[in-house]
Amino acid sequence: METLVSFFNLFISGFQTPTLGFLMGGMFIAAMGSRLTIPDQVYKFIVFVLLMKIGLKGGMEIRNANLAELLLPAIFAVLIGVIIVYLGKFALSRLPGIKPVDAIATAGLFGAVSASTFAAGMLHLDDVGMEYEAWVSALYPFMDIPALVLAIVLGRLATEKKQGSQEVAANKRKAVSIKFIIKDSLQGSALSALILGLLLGLLTKPEPVYEGFYNPLFRGFLSILMIIMGIEAWQRLSELRRVAHWYAVYAAIAPLAHGGIAFGLGAIAHYATGFSPGGVVLLSILAASSSDISGPPTLRAGLPTANPSAFIGSSTSIGTPISIAIGIPLFTELATLVF
Amino acid sequence: MKHKATLISVLTEKVFEQDILDVLEEEGAKGYSIFEGGGNGPLHQHQSQHLSMVDEFRIVKIEVIVLNYELANRIASRLVEECFPEQPGIVSLSEVEIFRAQKF
Amino acid sequence: METLVSFFNLFISGFQTPTLGFLMGGMFIAAMGSRLTIPDQVYKFIVFVLLMKIGLKGGMEIRNANLAELLLPAIFAVLIGVIIVYLGKFALSRLPGIKPVDAIATAGLFGAVSASTFAAGMLHLDDVGMEYEAWVSALYPFMDIPALVLAIVLGRLATEKKQGSQEVAANKRKAVSIKFIIKDSLQGSALSALILGLLLGLLTKPEPVYEGFYNPLFRGFLSILMIIMGIEAWQRLSELRRVAHWYAVYAAIAPLAHGGIAFGLGAIAHYATGFSPGGVVLLSILAASSSDISGPPTLRAGLPTANPSAFIGSSTSIGTPISIAIGIPLFTELATLVF
Amino acid sequence: MKHKATLISVLTEKVFEQDILDVLEEEGAKGYSIFEGGGNGPLHQHQSQHLSMVDEFRIVKIEVIVLNYELANRIASRLVEECFPEQPGIVSLSEVEIFRAQKF
Amino acid sequence: MKHKATLISVLTEKVFEQDILDVLEEEGAKGYSIFEGGGNGPLHQHQSQHLSMVDEFRIVKIEVIVLNYELANRIASRLVEECFPEQPGIVSLSEVEIFRAQKF
Amino acid sequence: METLVSFFNLFISGFQTPTLGFLMGGMFIAAMGSRLTIPDQVYKFIVFVLLMKIGLKGGMEIRNANLAELLLPAIFAVLIGVIIVYLGKFALSRLPGIKPVDAIATAGLFGAVSASTFAAGMLHLDDVGMEYEAWVSALYPFMDIPALVLAIVLGRLATEKKQGSQEVAANKRKAVSIKFIIKDSLQGSALSALILGLLLGLLTKPEPVYEGFYNPLFRGFLSILMIIMGIEAWQRLSELRRVAHWYAVYAAIAPLAHGGIAFGLGAIAHYATGFSPGGVVLLSILAASSSDISGPPTLRAGLPTANPSAFIGSSTSIGTPISIAIGIPLFTELATLVF
């Protein structure tokens, strides 16, 4: 009984955290048909500042870190990215009304990582006072890139099997080159900003500008990003309705399943190399999250026949809200209980 | 002095812009203009207009004026065959009159 | 003599308040033909942050407020919106060279509310230390919506009376539906942002993000908004010159007249239900202000035959500068004298 | 294969965009593109170009390609009659050539 | 009622926009529309598309519809002679059909 | 030996200052082909805030300044602007493959002033604690405008000498009017913002908004501006490659040469009228910098036949990085040694 009450309280107070509240606020005004929009340019700038903040912080602290510790979590991150894509391909492509290439693209987006969900997770850990290794943000590309690369390669193979010779001519133009896809991922705006921040944190002395600008803006900018994500989630919902309903089912289950897998692997790293509980939570959140900025265009360019309504709809409308609303508090609570 | 020329107009998602420009360069088009916007088409039901978070999915219109009708035709055919069997977008041609033919 | 000197000092120091100074600075550089512009997207973001700040603050404090107190001022707000529209229609449509629909649209814009003027008023009260009820910002829609709805309904009636059958066919497409106009007003970006802020302030616990982000940015963002308003005011002036001069006369007198009416009604509420002096001042400023963001497009869509040069010119070029430069200090001073 | 088609081009204020799109949908146009800009016209003297504070007053150009000239004509006439007796804006038609007729 | 008219389309850098509009006004064009974008041309190798820091170097497209073909021709010739001997940009003409001729 | 070590340390720690680090970070990600961009609108806003900050500060302190002291440095600023243009015309137009009008336009851009370099210089002096007169920012237009005016006049003369009658017809449209060019310069966005800030600082009491908004944002916004400048520098490099290589040589030498001349004149002012060492450094930085915002369009409009790839490429790709990376620390160090 008491546990139930405490769970209920957790749930209620979760909705009262500004992060989630602002996300739901965004959905609410979109549902009301509001014409309120945050301009794209502001959105891009906000994401840039958030990622720079995360990167700078990571870079500054990596200076004193024992990087050998990063090895196991990094390997697990790659593994998680790969598992998610195969799992998603397997689960989705068996369902009625889903084209193989759409299944693979959707799985790829869920294997990739969301900068906004990650930022929300970090702020949550900071707020509850759970510590984590500074280099956790460096795990981002280790999960993001393998997932996207694998999805594009699998998607291309699936398409080529099916199609004739005319298609092949067009594909020659952009043959499946793993190197090319990796490069393309790294060049995306989100990973670029994160890596730039890491390098600047590592090689320069950005403490004054970090303390005076990037860090103080973090919470406020994240609150606005949440409103944007909420508006976006609602608007994509109407697209999602036009594709097979199984996407919605997948998108609701996947974040927690993926987070759970990552939590398990993270726990192994915890006992093996002392990976911190907070680190395990963030690894789970990386896994639970699905890409919203860099992933979609990379997939679109790599798999033009995949229907973006399916993969973006699943990720933005259902995956992201679930990983923020349920994933973040759930894995944090789990870590408190388990470790 | 006025000359008849052909305007090739390509509508597609920004993410495919570079593919189009590559073909234009290969065929030796001397110039082009690009405008960003939104749109809605029969193939994919995405409403580009509102895809605010993913800038690369906005619609771009690429306009190329070429003097030679044969060249215009060849460019348009290549685009339709190579870029648009699987990607969203449309290509159209129309007649225009231009000045100073040496620029085209 | 002493009073005169003190008035003169008030006047001078008024011009030295950054709010007004920045407004006049914007007019000055526009008058010099400067190419300096603040991008639209930044403008929209600034307005959003200001309204969120006002809304959040209101929402957080409403939690402990006695909402019964809101009733009388809210009724007065509606009343003021209605009075302003009828008054303006009556005054303007009698003047030479003014079409009835233009008269009504202009009156509607002056009945509606300016978020920027309101924000400037709040900052002024904070600076002089005059207190007001937290829920005053919730009065905004009570004045704004009735004024716009009434103006569109009256304008439609005036147009239909005059025009033939072809017109009617077109109008059928968007028949005068009060419900539709109310919905359209609420969905506008300004009211949406304010309501979103109120809800988030009421239902979540946004104190950290309010204290760390929205509140500290308020003064700075308002200073930039004032520059934008100044530039805009100057640029609209050239349009205003092309329409009947009576608009300028109306726009110069209306803010103070409307503010005066509101001050009177506010004073009644003060004595009847203890509405605070600061609240009376803000009610007067709401009345004195004329809409610059949400009002114009709502009116444009609702009354497409009304000339926007007339109504926007009057409001932005003359109404807003007067309500900020004269209205805000005047009604504040009046409250100090009267209560 | 190339086909003759008609490009309908509508210039109006953004605030009236939805009215236009409603007519297009009713008439079954399969796609459209939208571009934002500014302008100046004879009816209202507003310089849309500088109306920075009120985004909804910017000029939009809506372009629709339809295969059937009759349909183009009907759409254009409906727009002129229903949307533009009182609203600012102009409608124009021109000839284009398109590929893959089934998309239009 | 439909009427034949001529669409003048001018592509140039934003920094020269005012020069074009001055000519239009002098010749009595009743309206125009402006769209911003990017481009690449034979004369100057600047890639307007990426000149992000200097907004004034972006490409603008100015579109003017005039009823009278002679007037269209005169405007286009003046632009080519007065504005474009040294400035980047191109002028093209095409045929359109418009409604309500009194607006043009 | 010790001097060498200390020089090496200076160099290394220079690269660790965030300002330079962020500039090089921007170049790095551009070189990696990253798609990261900071939206134009954000860029414009950042420049606006930086210039307002500089202007407000200057304006507030000019109130108590002895403006007679400004006279000599202002005369020197004009002189430097003029010298740079003649020097550049002389040096560049003698080199193979360079058109006279391109030589003059490039020299004009190097005579003009970069707001971002100037802001970086100020922050550097603040960080090392070297003081300077508050009115130094007022020297900006004294160097910027004469350089641009002179370049356009000389460029026009050079063009007219060469070309026939058709050209002249076109030129009549915008005859060389010095008054017009001065007006055009003052109306540019950078100078307008600076002058607006100066006036508001002088005439209003903007201390609260300065301390609460413009000043705290300075360092952070500058760090982002540096990333933008770095990206831009790299992207212009490819254009610069298409024009004569001599531009690169000129652009590498010019900033230090110009800064050196200004340092000399500044030293005269120091001994003559007590111009502060920090003031001398900032005068040198003004001279070393080359315009990146307002200069290019003014030159483009005034000299349409000049190839922008040449003048923008030289300035943005080489001139600005050199004046920030080498100029700022060099002249600061020099002042420490000399005065």
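Every chain is named by a letter (A, B, C, D, E and F) in the order it is written, and numbering of its residues begins at 1.
The rule is short, and it goes like this: a residue touches a chain if its C-beta (ideal position, glycine included) is under 8 Å from a C-beta of that chain, and two chains touch if they have at least 3 such contacts.
Keep in mind it's a predicted model, so treat the numbers as computed, not measured.
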Intersection of the contact lists for subunit B and subunit E: D
Fewest hops from subunit A to subunit D - one hop per pair of touching chains: 2
Relative orientation of copies subunit A and subunit F, as a Cα rotation angle in degrees, nearest 5: 120
Chain separated most widely from subunit C, comparing mean CA positions: B
Chain copies touching (subunit D, subunit E) - same or different residues, decided at half shared: different
Farthest chain (mean CA position) relative to subunit A: E
Euclidean distance of C-alpha centroids - subunit D vs subunit F, Å: 46
Computed distance of Cα centres, subunit B from subunit A, in Å: 34
Whole-Å gap between the CA centroids of subunit B and subunit D: 19
Residue list for subunit C, restricted to those that touch at least two other chains: 37, 39-42, 44, 217
Two or more partner chains touched - positions in subunit E: 35-36, 94-95
Pairwise touch network: line, ring, star, complete, or other: other
Interchain pairs in contact, sorted by label: A-B, A-C, A-F, B-D, B-E, C-D, C-F, D-E, E-F
Residue numbers on subunit B that touch subunit D, as the complex places them: 9, 11, 35-43, 49, 59, 61, 76-77, 80, 84, 90-95
Contacting residues of subunit D [partner subunit B, same complex]: 2, 5, 7, 30-36, 65, 94-100, 103-104
Subunit B - residues contacting subunit A, complex: 13, 15-16, 19, 22, 44-47, 50, 52-57, 81-83, 85-87
Residues of subunit C defined as touching subunit A within the complex: 39-42, 44-45, 48, 183, 186-189, 192-193, 195-196, 199-200, 203-206, 208-209, 212-214, 217
Contact set on subunit C toward subunit D in their complex: 37, 40, 43-44, 166-167, 169-170, 173-174, 228, 232, 235, 239, 242, 292-293, 296-297, 300-301, 304-305, 307-309, 312, 316
